[in-house]
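Chains: A, B, C and D, in written order; residue numbering restarts at 1 for each.
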Amino acid sequence: MESGRPPALEVEGLGLRIGGVTIVEDVSLQVRRGEFLVIIGPNGAGKTTLFNLISGFTRPTAGRITFGAHDVTHAAPYERARLGLGRTFQTSTVFAGLSTFENVRLAASAALGTSTRMWDRADGEAAPLARARAALEEVGLGARAQTIAAQLSHGEKRKLDLAILLCSEPSVVLLDEPTAGMAVEEVGDMVDLIRRIHREQAKTVMMVEHRMDLVLSLADRMAVMHHGRLLALDTPERIIANETVQSAYLGDPL
Amino acid sequence: MRFALLAALALLVLLFPFIHVTVPGLFEGPLDSAGTLNLLGLCFVFGALALTYDIVFGYTGLLSFGHALYFAVGVYVTAIALARWHWSLPAALVLTAVVAVLLPLALGAICLRVRDIPFAMVTLAFAEAGSILVLQNPFGLTGGEEGLALGGGVLPAALVGVSNTAHLYWIAAGLLAATSLIGWWAVGSPLGRVWQAIRENERRVTALGLNPYLYKLASFVLSGFLAACAGVAYLLLQGGANPQVTTSSFTLVLLVMVVLGGVGTLWGAVLGGIVYEYLDFRLVEFSNVPALQALPGVLRVPLSEPLFILGVLFIVLVLFLPQGLGGLVRSAGARSER
Amino acid sequence: MNAGAEVLLRVENLRVSIGESQILGGVSFGVRQGGITGLLGRNGVGKTTTLRGILGLLPRTGTVTLAGESLTALPVHEIVRRGVGYVPEDRDVFAGLTIEENLRLTERAGSEHRYPLVYELFPELRDRAAQLAGTLSGGQQQMLSLARALLNASNRILLIDEPTKGLSPVVVKRVAEALQRAAEVTTILLVEQNLAVARHLVRDVVVLDQGLVTFAGDIAELIDDPALARRHLGLSAAGH
Amino acid sequence: MSTIVLLIVTGLGLGALYFLVAAGLSLIWGLMRVLNFAHGAFFTVAAYTGFFAAAALAGTSPWVGWFASLVAGTFVGAVFATLTEIALIRPLYRRPVGQVLVTVGLALATLALVEGAFGADPRQVTVPPWMAATTSMLGAAIPNTRFVVIVLAALVLFGLLFFLRRTRYGLIVRAGVENRDMVSALGIDVQRAFTLVFAIGGAAAGLAGVLAATYYGTIDPGRGTAMLISAFIVVVIGGLGSIAGSALAAVLVGLLQQFLNFYAAAGVGDFAVVLLLAVVLLVRPGGLLGGKSA
């Protein structure tokens, strides 16, 4: 690390073995503050598992995870979220039976610490309501506020995912294939949105993505995973030039 | 507009004990008769109880098979304090309130460490333990299978006797109003909204930085406490405790009430509870109708068993009307608006 | 699809919705008799859904015909009995059953069973017959899953979903060889992300994007034209 | 010593009854994810069927009546269960909560019907005189019914294990417990396996109904529900879906109940069983032998 500041997120020797099968092995990386790190790799390489380990939904069998000044290796997922580690899931996981607005309001209320209040009206709290509205506007779902989330299109759900994340005002966001399954015309919007969030809100971003063309314009650095291991971690230009990466990502020649 | 209607309805309900009108077919005696008021009071109590179950099952998504236990706490703790220890009513109520918070807190803390079907089973098991305890009649406290009657002198005079049924009726109506208000307030509060989020997707709630366990426990305790309050009103209306309310069948009946009315809508649950109790009561009377008695056994026996008719009705409802009566009312309303 | 060739499996206007969201918006294509047809496309465009839709494992509309016979209205097991073998993405071997039991379960009355072929391709399946499938490595589970599809000689087409996913290069090579051998005795519809493998095995390709077919034709035509490959597969500047 | 032997054999007998009810519950849960509340109804209906079958043959040898009740009860249990699966469970295939709810409704309705038709009071059943007699074993006078129940339950256990491990349908059931979609994707009609499993579970519950009548000497409408709760506890302690686990847990529960009810106080055993369940669930949420299919 060139500066003296601690990295936003540090993973050391992280591993996961389940019943003799190695899913993730000896992954070490540091994410700098404000950095945009993209993780690529073929299907089944362990990218989502790495996210699950970092966010705490899966417990590692080896290694250490440090978030800012905190060792969070054994922290519960909600504790990590509270420290400012936000994530989206690969398959969109909004609260399907609730309205679009209620989805973000919940997140805003959770982030502002008002979720435990029993004596207030959820629809009468000024601060969460304002933050929720702002987040919906930010992702362009303002007009869909009253729609039940289950009735949103796939692309809209992914945007809602992002809006929920924004409400929590995390310092580090993990985005798991945010454009997967989106219509072509929606992808551009999504990329712009992610870029804006990264630049304007000065967030540290880790993103799993398959489309290299999208990734190149966003990433500061790229990490390549293959068979549960970190194959390379470098600038996009150098990653593209790397032959090992080429063969891993596009398939070994037969 | 809606509130004006609701207020008018509430006022009318409160005035029933002064209305000497017979509603043919609906009630046996006139509105102000003790029999009708008692039936209505019980309907209100079960409406309130169904609502408390809907908080934990319908809103938080916890399939508890032990809810009867907390109702039984209200019934038995109060009854024992009054009839066995001869405490005053206020003292008995304080004790009941304390137990009604601590017991669901302790059992909820244990049960909520598991989810889904294991959660259902372990709540069922604890309720069963409660039932065994009541039937075993420890230290002669519960009266075992006989139950526990509130004899003369243990209750204030205003709550005893046929002539005072109106007072009990008002207590039951007040209980239903208070429970509805608290339930409505709770599910609309930031806390209650988290319950619904947990029902939709618990993992996502975790990712928001909230610990679902504590929220589920809050729902469990609130609904348990309110169920105990309903239990107290039931005890007063019935004038005694009866081990029937501790059984697992009773929890299943609660499930029937809530599904009958529609899961996840408070007023649907209330409606389900009221309709269930009314049918249960009226079907007993129906079974004594001479015309029915004259039928051959194959028809007479099933028709004179309220639980049989309700069970079949329930099956039909689950098969063909999964939204419950509430859903039927809603869709009828939607049609009339169009 | 190339004209003149006999179409074994035809999919017309296949639509699948899960919950409120539509995954497939009317997919139509044909699979020629013999050889391997590739079903390609980026992650999340509906390839797996297409296979599961053909089998009826998901509620769908549209029509599916196998050699002229409509499969659309049949329950899953009847579709399979008509001769559609399936190798799912996650292998889905029965972990609590032994290898031998997994294979025995697959045996279908009225069909010849190709144990010799299966054991020739994957001798470890015979050597480890009594081992629980759940204790096998990922590669071995993949072999077992392929073996189940190959076992019944009455299978006329195999739907194979990403058989090389997450496997080491050595195993990928073996799987590819096995697929090549299998293609000599049956028709295969193959979902494959590993383009090197696809290029090696596949003759015809169908490319999906956003739940629709965006390209159908010869694989060489697609992959050897960078612009086409980029447009249809999202291959980057990094490609070839 | 003789007391301990008596308690052991009686506890095993009780465990045998629990096992017979639990085995079907466990299989049905394991394959279909249906928590079958109607299982107690299968038990009760079979018990009354057995009672009337024996009564109809009152003039013959008591053994004939007893065997007839056994066969009739088991058969009716199987038929009732099969009809339940076809008429109520199958239409709700995509609504798992609905499936549980209809079995709740069926349980309530059946219980009410039996109570309405035959009254809530227990009825005495007639058993062959040998059953009512005792056999001396290590100084303890043990009622012969205990042995009958234990032997029959053991036969059912071995029969089920044979079915699951050695027959093709058993293979289908074991595979279906893991992944029913994949079983149908192998060209197998899983639906038929469902119906079969329901029938087997109903038959075992029916057998338990008749044997419980022999064991207790009486029948009443409420015992099915009590058995169902005990069987639920057994199934969860043993591990949902595991037949061997159910057998182990049934024995454990039966013995614990008998010993504590005798040495502590009546009711303490029943109570302890519930606590055991809570402890097992908290320490090993999957049950003692959870995670295995057979």
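The criterion applied here is as follows: a contact is a pair of C-beta atoms (placed from the backbone, for glycine too) under 8 Å apart; a residue touches a chain by one contact, two chains touch by 3 or more.
On a predicted model such as this, the values are computed, not experimentally measured, just so you know.
Visitor: Which chains are in contact with both chain A and chain B?
Guide: Common neighbours, chain A/chain B: none found.
Visitor: Going only between touching chains, how few steps reach chain D from chain A?
Guide: 2
Visitor: Using the touch rule from the top, point out the two chains with the most contacting C-beta pairs.
Guide: B-D
Visitor: Where centres are the averaged C-alpha coordinates, which chain has the largest centre distance to chain C?
Guide: Checked the centroid distances; the maximum from chain C is B.
Visitor: How far is the middle of chain A from the middle of chain C, if each middle is the mean of its Cα atoms, in Å?
Guide: Chain centroid spacing, chain A to chain C, equals 31 Å.
Visitor: How many angstrom between the C-alpha centroids of chain C and chain B?
Guide: The answer is 55 Å.
Visitor: Can you work out the whole-Å distance between the CA centroids of chain C and chain D?
Guide: 44
Visitor: Multi-chain contacts in chain C: which residues touch at least two other chains?
Guide: none
Visitor: Specify, in ascending order, the residues of chain B that touch 2 or more different other chains.
Guide: Residues of chain B touching two or more partner chains: there are none.
Visitor: Taking touching chains as linked, do they make an open path (line), a single closed cycle (ring), a hub with spokes (star), an all-linked set (complete), or other?
Guide: ring
Visitor: For this entry, which pairs of chains touch?
Guide: A-B, A-C, B-D, C-D
Visitor: Which chain D residues qualify as touching chain C in the complex?
Guide: Touch list, chain D to chain C: 168, 171-172, 174-175, 177-179, 181-191, 292-294.
Visitor: With touch defined as at the start, can you tell me which chain D residues reach chain B in the complex?
Guide: Interface residues on chain D, with respect to chain B: 29, 35, 37, 88, 91-92, 95, 97-98, 101-102, 104-113, 115-117, 225, 229, 232-233, 236, 240, 266-267, 270-271, 274-275, 277-278, 281-282, 285.
Visitor: Residue numbers of chain C touching chain D in their complex, please.
Guide: Counting only chain C, the residues touching chain D are 55, 57, 75-78, 80-81, 86, 88, 92, 94-97, 101, 104-106, 108, 148, 152.
Visitor: Going by the contact rule set out above, which residues of chain A touch chain C in the complex?
Guide: For this pair, the touching residues of chain A are 19-21, 42-45, 96, 150-154, 157, 177, 180-181, 183-184, 210-213, 215-216, 227, 240, 246, 249-254.
Visitor: Given the complex with chain A, which residues does chain B contribute to the contact?
Guide: Answer in residue numbers: 185-186, 188-194, 196-197, 199-201, 203-204, 206-212, 215, 218.
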